[in-house]
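Each of the next two complexes has chain A plus one more chain, namely chain B in the first and chain C in the second.
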Partner chain A sequence: MPLLTLIIFLPMIAGAILALTMPTKKMKHAALGVMIVDLLLVLYAAMTFDWSGTFVTEARVFAETIATTFQHREHLPWLPEFGISYTVGADNLSMIFVILTAVLGIIGVLCSWTSIVHREKEFYFFLLALQTGIMGTFLAIDIFLFYMFWELMLIPLYFMIGNWGSKNRIYATMKFVIYTMAGSVVMLVAMIWMYYNNGAYNPQLGVIEYVRSYSYEIMLQTQSGDHGTFQASYFPFLALFIAFAIKVPLFPLHTWLPDAHTEAPTAGSVILAGILLKTGGYAIIRYCIPLFPDASISFAPLITWLSVIAIIYGAMAAIVQTDIKRLVAYSSVSHMGFVTLGIFSFNPAAMSGAILQMINHGISTSGLFLAVGMIYERRHTREFKEFGGLATNLPIFAALTMVMVLSSVGLPGLNGFLGEFNILLGSMQNYPILMQAQDDASWAAAMGMTQYTWLVALGATLGVIFGAVYLLIMYQRVFFGKLDNEKNKGLTDLVPREWGQLAFLAVAALAIGLFPKPIFDAMAPATRTALEPVARVLQMEVKDKGYELAVPGVVIENEEELLALGE
Partner chain B sequence: MNPAILAIVVIFTPLVAFATAMLFCMKAHRIAQGLILGGGAVSVVGAFLLLLGGPSETQSIVWLSSGSLELSFGFMFDGLSLSFGAVVALITFLVQVYSIGYMHHDPAKTRYFALLGLFGWAMLGFVYAVDLLQALIFWELVGLASFFLIGFWYEKPSASAAARKAFLLTRIGDTGLLIGILLIINISGMAHIPALLDAETGLTTMVSEGTLTLLVLLIFMGIMGKSAQFPLHTWLPDAMEGPTPVSALLHSATMVAAGVFLFARLHPLFMASETAILVVLCIAIFTALMSATIAMVETDLKKVLAYSSIGQLAFMLAALAAGGLLAGILHLILHAVFKALLFLCAGSYIHHFETNDMREIGRRGGRRMRWTTAGLVIGGASLAGLPPLAGFFSKEEVLASLSHGGYHLIWFLALFAAFLTAYYTFRMVFFIILPDRPLEADATVHDSSPVILGPIIFLTIATVLGGLILGPLAAILLLDVPHHSLLSMLPAILCALAGVFVAWWDFGRSRATRRGFVGAVPVLHRLFSRKWYVDDVYQAVFARFIQLMATVLHRVEVDLLDGGADRLADVTRWTGGWTARLQSGWVQAYIASGVVVVALAGYFLGSR
Partner chain C sequence: MNPIENIQAYVPTSIHFSDLLQFAILLLGGIACLVFDAVSTKEVSRKYLPMIAAGALVMTMASCFFNILPPPTETFIEGAFRSDEFGQLGALVILFAFLMMTTIMPSLVKKRNLPAAEVYSLTLFAAFGAVLLAIANELLTAFIVLEIMSLSLYVLIGIDRKNAKSTEACFKYFILGAFASAFLVLGIAFLFGATHTTFLTEMAEVFKAGGVVVTEAVVENGVTIEPAVVQALNPMYVFLGFGLLFVGMCFKLTAAPFHMYAPDVYEGGNTPTVMVVATSSKVAAFAFLLHVLEAMSHWPVFTQPVIFVVGFVAIVSMVWGNVAALVQVNFKRMMAYSSIAHTGYMLVGAMVYIALPNMLEGEKLEMAMIAVRQAILLYLAGYTVTSVLSFGTASYIDGEDHMDAYRGLIFRKPAAAIGMAIAMFSLVGIGFTPPTIGFMGKFYLFKEAIQYGFVALAVIAVLASAVSAWYYLSLVVKMFMREVDDTQAVRLAGTRKESVKLFSFDSMTRIILFASSILIFILGVFPTMFISLGESLVYGFTR
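Up next, the complex of A and B:
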């Protein structure tokens, strides 16, 4: 059974058929049904998935047979003369995000239940098509196919914000599309470059052997040795990274996000914050780091600093917002700064922290956007000053929002803390490439750190405090105090459909916070795969400095062989 | 029984009670109340069974492994956690009983009791924690419970502001704690407390003294936040906005003591750094003096007690830093008992008179509430350090440990702080029992109900007999009982008596001015009544600084980054508009430009 293909295309195709055949009133039920079927398929795929990280199989790409770690793999030569194939497959990294996507897809339908009243059919069709784009982005392992799905994500969201958004929606949607398209164009150029330059130097023959293909698996294979042609290629790395960094979004490329989030309908914000931003982080871990380890190491200091700036900057900007939704949007900038910080710390703890942070952000920020949406639906405003004392007549709502706020603040015991904790821990651990610039006898070296990592960790920790400031102020202004605004007195508490969504996210937040071991075990193979190329590069540089391991915790196989090559 | 199972029962019963009450009993107040009290009772029985079982091996399981790091979840059963765990469970239960009476008329009773359950879980989880990260998690959860309970009456803006202030100030300290823990894990690769404390293979053998100083001072930041030491102390007086039983439980007896507990828990690490010891001593003694001077001019009954808590916590920290482990822990436990007593008495008055002003309580006949007044006097005498009450023994140990450690200046200052403590405590007592005008024959003044008086009487007896625990406590902590001659105790006793006498001279005797001796120096009086201007400085510097910085950054966002992107878009639009003009439909122009292009092309090609 072509399981992954079904998971990817079911939402869009079913959506198209339903939009043509269903009566308007029934469309949302049908959409919900499709999302649930999709989730069941994903769960089936997850259950038949080998999470141990030891899975390897022989697979064919066009005429070649290669070893691959991707599971549930499907391969169709699509345009073989151009090296383009339809190849989908899942590993631990993509599987985690696919599950998140399927779950948030259902929430996306539920939160639109009563808030979308006009042109329902189109709305739910776009929501389902968006789901297809996202699933495809996570599951494609041919970079051309990846590009197609990456662009496919954009179109439904363009219509969703443009049609069903609030008053400044046209500006927001244009900004969002132009920003993302600009990134996509450079990404496409980089991908064509990768197609033409994919190969490895053959020492026996003394020539570079090129493989003309867009297959990610083939690229991994040709670039995995020490003769890959992508070494020292800064341009394609940067082009890819900028495209992904716009999606993350990394400071200073973030300015589309507050507008897009604020103007989007609730479902748009939830999917945008919950999943779309993650495609950026996912793509960095998937493509930038393993294919361009040299460039990644070279740019790591810059990206790390930008991440730290994003963390503090996002928090500071959030403090001065007066619109609840904008505040949550800026908190996204701050939280996603942790993700890039974790990824570019090149350390298993930080990398798993970054993946977890993305999941956490998917839970807590989606929850906050849901909450904002529920308020907005009742009062049609999102200004702080209109609210106060809502805890009095909406106690369930207040309690569930509290859990989301605390998860976002990073309270220990809930999920948010573990992601930030691991990222901070990992970013402190010294990576020797940065030591080169430092004097090893410095006071920071005694801490097992460089002065650089020390500053980074300190800056990031400040972000943790600020996070508590703005979210608590927001919460207290809205829920605490006297219920003195006449317009708020008649508000009714959540109905089961509404609190069900929030309660589900709250339970997920608690579960990850209290029992993190399974999820860390599931992430471990993904972090290993992503970091091994970087570890190989670093290992050669640090061996003579007397360090045991370049990247703590990542053991490189065939190390003697590697060192022999290096000399 | 296996102590780990017992510990799970002790810690998690309150959580189960909390969750059940929160989820199913929002309307059924009585059931919720019963659940929480039942959970509290189970915890008390379990904690005392653990205590009777004596110290045993720690037990833990792997909770999280990432990279090469393993973090564990488990319980420590040494004298420190067993003794303090029993005290925490007991006082939590007593306060829950007391709250039945105190919160009788509150419509949100269920939420209140449920939060007490949440607090019990978090606090007990912290006390028995075996891993630094586990301790941190429960430490933060304790802070969360405190946040909710301070802001329990969230309709009051002052209450919700106080809750936020408490959360943020403790969190500033916790950032230091978090960095410290991260660094410890980074250096040693572990967070298991017994392994870190090990004299042969622990943290002290891995790092130089300078590094260790930095590590323990970072941890001390967390302690300063939680145990309200200068300069992070300002949240505690504000926290008195919460219901009085909460003040008794969290903000004097147990939660704020968590910082001191952590200090005692990591005592060997602090002892390995001379600099850290000096820093802690200086901060502690300054906090003790400062809080005592503020309490001298405060008229809000609860705030006087709050400042006295800050001072007594400083005493504990000073004793621990001077090496007096037994002294610090003894004062920790006994202070929990008599300070809870004082707060419960204060609550009894406040419940009846509905005011926090102790002068007014005295004028309206506070002393007619006989049992409460007896508790207040005995608790106050204990706080002042009068023999033979509990506070006398522990304060005596604290002072002795300071002089044994050779810190004579600190010892002298501590004696002075003890004198001030006795002074302001009896100022409070005299305001209530000897009001400045004769009482009217008001028949409505009567003592509180038995559920309120029960815990008060229990704690009064415990305060009287508290000194007896010295021997058993030393035994369970595996420490020696020090013997002091009467002569060495004399300074402390004299200071306490002098404090009481001066208080009587200023406030008690019939011709007293009731202004206090600081009233004679207006500068000092203003300094003390403005609380040493700490809050004003915070307001002026930090709050404004953050607001300014945020505004500046916001301008960067709107004008520079976002504006820049919009200008870029404008350029594109403008270029587009300009090029569009080329498509003018004017045929002559097309032909002319065609001719020019062909001519230029011909010229360049021909010149090749």
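Up next, the complex of A and C:
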């Protein structure tokens, strides 16, 4: 059974059929049904999935037999003369995000239940089509196919923000589209470039053997001709990374996000924050680092500093917002800064922290956006000054939002803490950068990575504290104090559909916070696969807690030993 | 021996006009239109002339599937024509737009009281000129068929004499077009002066040899005497000739900086004719330009400067076309600038085409040139299908061409709005709409550019196309995200069903528009279908 194909295309195709046949009033029920079926398929795929990370199978890609770790793999030649195929498959990394996508898809339908009142059919069609684009992005393992799905995500969101957004929606949607496009068109050039320069050095013949293929599995084995030069690896790395960094979004490329998040309808914000930003982080882990380990290490200091700036800047910008939704949007910039920081620490702990941080952000920020949407639906405003004392007449709402806020702040015991803690821990011991920093002439030294590693951790920690400041201030202003605004007195508390969504996310947050082991176990293989190419460049081996030099018997526990060994 | 005498001694012996029978249908159809109109009343001819015209076009299109033309290795009609990918498949693309034009025209003829016989016969003559230009192998023949096409189109642009804008457009188009034709002829003259031939196939031999070969190799007493080069090529003549010819073709292609007429002509001319000017005449002109470039690119001296010139024109067209389109408020003016930008993208392909002979040899070179030709033709086909959809839809939007006429179109004419949106998405192409022909066309083109090392140019091209998203998507914003007051009221009252006319097209046009929107996706997902169709049309289905 083409399980993954079904998971990918079911939402869009079913959505198109339903939009043409269903009566308008029934559309949301039908959309919910499709999402649930999709989730069931995903759960079935997850259940039949080998999470241990030892899964290796032989697969044929364009007359070549290769070993691959992708499961539920499907392969069809599409444009064989250009090495383009329809290949989908899942590994631990993509499976985690696919589950997240399927869950948030249902929440996306539920939170639009009463807030979308006009042009419902189109709305739910676009919501379902968006689901297809995202699933495809996570599951494609042919980079051309990946690019197609990556672009396919844009159109539904363009319509969703533009049609059902709030006042400034058209400005926001155009900015979002143009921003994302500008990054991704250059990415396409880089991908075509990679296709023509995708080769591995053959020591026996003394030549580079080129393999013309867009298959990620093949590229992984040929390392895309990564020879540490501008042409061979810096250009494609940068082109890919900028496209992904726009989606994440990393600090100087983030300006589309507050607009898009604020203007989007609640479902749009939830999907945007919950999943779409993760496609950026996912793609960096999946494509940038394994395909261009050299370039990744070279640019890591710069990206590390940008991440720290993003963490602090996002938090400080959030403090001064007067619009609740905008505040949550800026908090996304701050939280996603942790993700890039963790990824580019090249440390197993930090990498798994980054993946967990993405899941956490998907849970807690989606929850916050849901909460904002629920307030907005009742009062049609999101300004702080309109609220105060809501805890008196909306107790359930206040309690559930509190869990989301605390999860986002990073309270130990909830999910947010684990991700950020691991990232901070890992970024302090980022060996590869330190190793490179030994060479004083290197860029890493120029970027201050030798003396100022502590500053990175300090900056990130400051971001955590700021996070507590703005989120708690927001909570205090909205829920505590006196219920003095007349308009707020008649508000009704949440109906089961609404608190169901929030409660589900709260339970998830609590579960991850209290029992993180299964998730860390599921992530470990993904972390290892992502970091192995980096370790290979540094002639080390990845272990669960750190690196190990490829010399048998010597385990490096801390950095002094490593430095001593380097000398 | 005097080379000029050699040329004059050349006398055609027998000409097999039957080779061109399939295209003669168009000519005969045009004459039939005139004759029919002379013997019938106005109403009758208005009713039946479109049928004759469409019938002729459909017959010609059908005949394209029968491999009538000789393969690219042979010339025919005494060397005047040579058919490659652009011969049959190009004809299909060209005639597709003309077919669309004949289906939209009847309502326009009725509405504006236009002379039916002239409209349909000139349409067919223009089609005849266009398909022949795409296969012309002799420069003067090319000039004549180009003029057959252009003159017909000049008249068609201005056929609505009572409309001042239309007349203005006609004059601008005619005078500037005639001016450009003069450049073209002068360029041809210089090329003839340099190479002593007007046949592109022979010209290619001259350029390969680096000079005019007068004597043939002879064997005397067992010793082969090599052909002697009596006159080396005069670079000034060649460059002057090519430059003038290129200017003339740039005019037809609406490449910047020779594009000045386009916005006015597009705005003033009637929509169906503008559609053909934007698509068919561009396909034909591109085919001719590529054939000229193919002949000349074998001369090493030629490559570098011409790459520079063509690359420059390509960049200026892409950048200026897209930037100027940003500020337009008239749909057709916007499409004019967009068409300039699309020419720029295709000139990137043309530039790669020139560069190839310096990089590859033998069979590899041949394959690479075919690949680039196919990429450009795929792009042209995509652009044609997309333009047919957008202009075809536009001709049914009430209230002039101002962009505001598109506000809230989804509530008034959902089918038209969706069709237009598909066209706009396809025109954006790269970066936004993966499974459309606009995407695949650009992918094929830029792939070739990147493969042969023009990465920077490809980056400029994709960034320019990212800019273009702004104005294409602005139109979509107008159609889908803004509301017109009265329709909004109607919608809120819940009587949307009655007030909406789902389809307001004439049936034939409707079918073609529907087919175009489907084709955009089919070609987008399976571009290889189109490529292999081209191969079978050129080399036979049984290969």
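Here is the rule we go by: the second predicted complex is superposed on the first by the 511 of 567 C-alpha atoms of A that agree within 3 Å, B and C clash if a C-alpha of one lies under 4 Å from a C-alpha of the other, contacts with A are read in each partner's own complex, and residues count from 1 in each chain.
As a working rule, a contact is a pair of C-beta atoms (placed from the backbone, for glycine too) under 8 Å apart; a residue touches a chain by one contact, two chains touch by 3 or more.
Just so we're clear, the structure is a prediction, and the values are computed from it rather than from any experiment.
With both structures placed on the common chain, the touch criterion links A:178 to chain B and to chain C.
In the superposition on chain A, A:24 contacts neither chain B nor chain C. In the superposition on chain A, A:114 contacts neither chain B nor chain C. In the superposition on chain A, no contact is made by A:322 with either chain B or chain C. Contacts of A:48 after superposition on the shared chain: neither chain B nor chain C is touched.
Of the two partner chains, chain B is the only one that A:481 touches; chain C does not reach it. Partner contacting the larger number of chain A residues, of chain B and chain C: B.
Common to the chain B and chain C contact sets on chain A are residues 178.
Listed in rising order, the residues of chain C touching chain A in the complex are 425, 430-435, 439, 443, 446-447, 450-451, 455, 458-459, 462-463, 465-466, 469-470, 473-474, 477, 480-482, 491, 527-528.
Listing the residues of chain B that touch chain A in their complex gives 22, 26, 62-69, 133, 136-141, 144, 151, 154-155, 157, 160-161, 163-164, 167-168, 171-172, 175, 178-179, 182-183, 185-187, 207-208, 210-211, 214, 546-547, 549-551, 553-554, 557, 561-562, 565, 569.
Every residue of chain A that touches chain C in the complex is listed here, in rising order: 79, 81-82, 118, 147-149, 151-152, 154-155, 158-159, 162-163, 169-170, 173-174, 177-178, 181-182, 184-186, 188-189, 192-193, 196, 235. The residues of chain A lying in touch with chain B in their complex are 175, 178-179, 252, 254-256, 313, 316-317, 319-320, 347-349, 352-353, 389, 391-392, 395, 399, 406, 411-413, 417-418, 421-422, 424-426, 428-429, 443, 446-449, 457-458, 461-462, 464-465, 468-469, 472-473, 476, 479-483, 516-517, 520-521, 524, 552-553.
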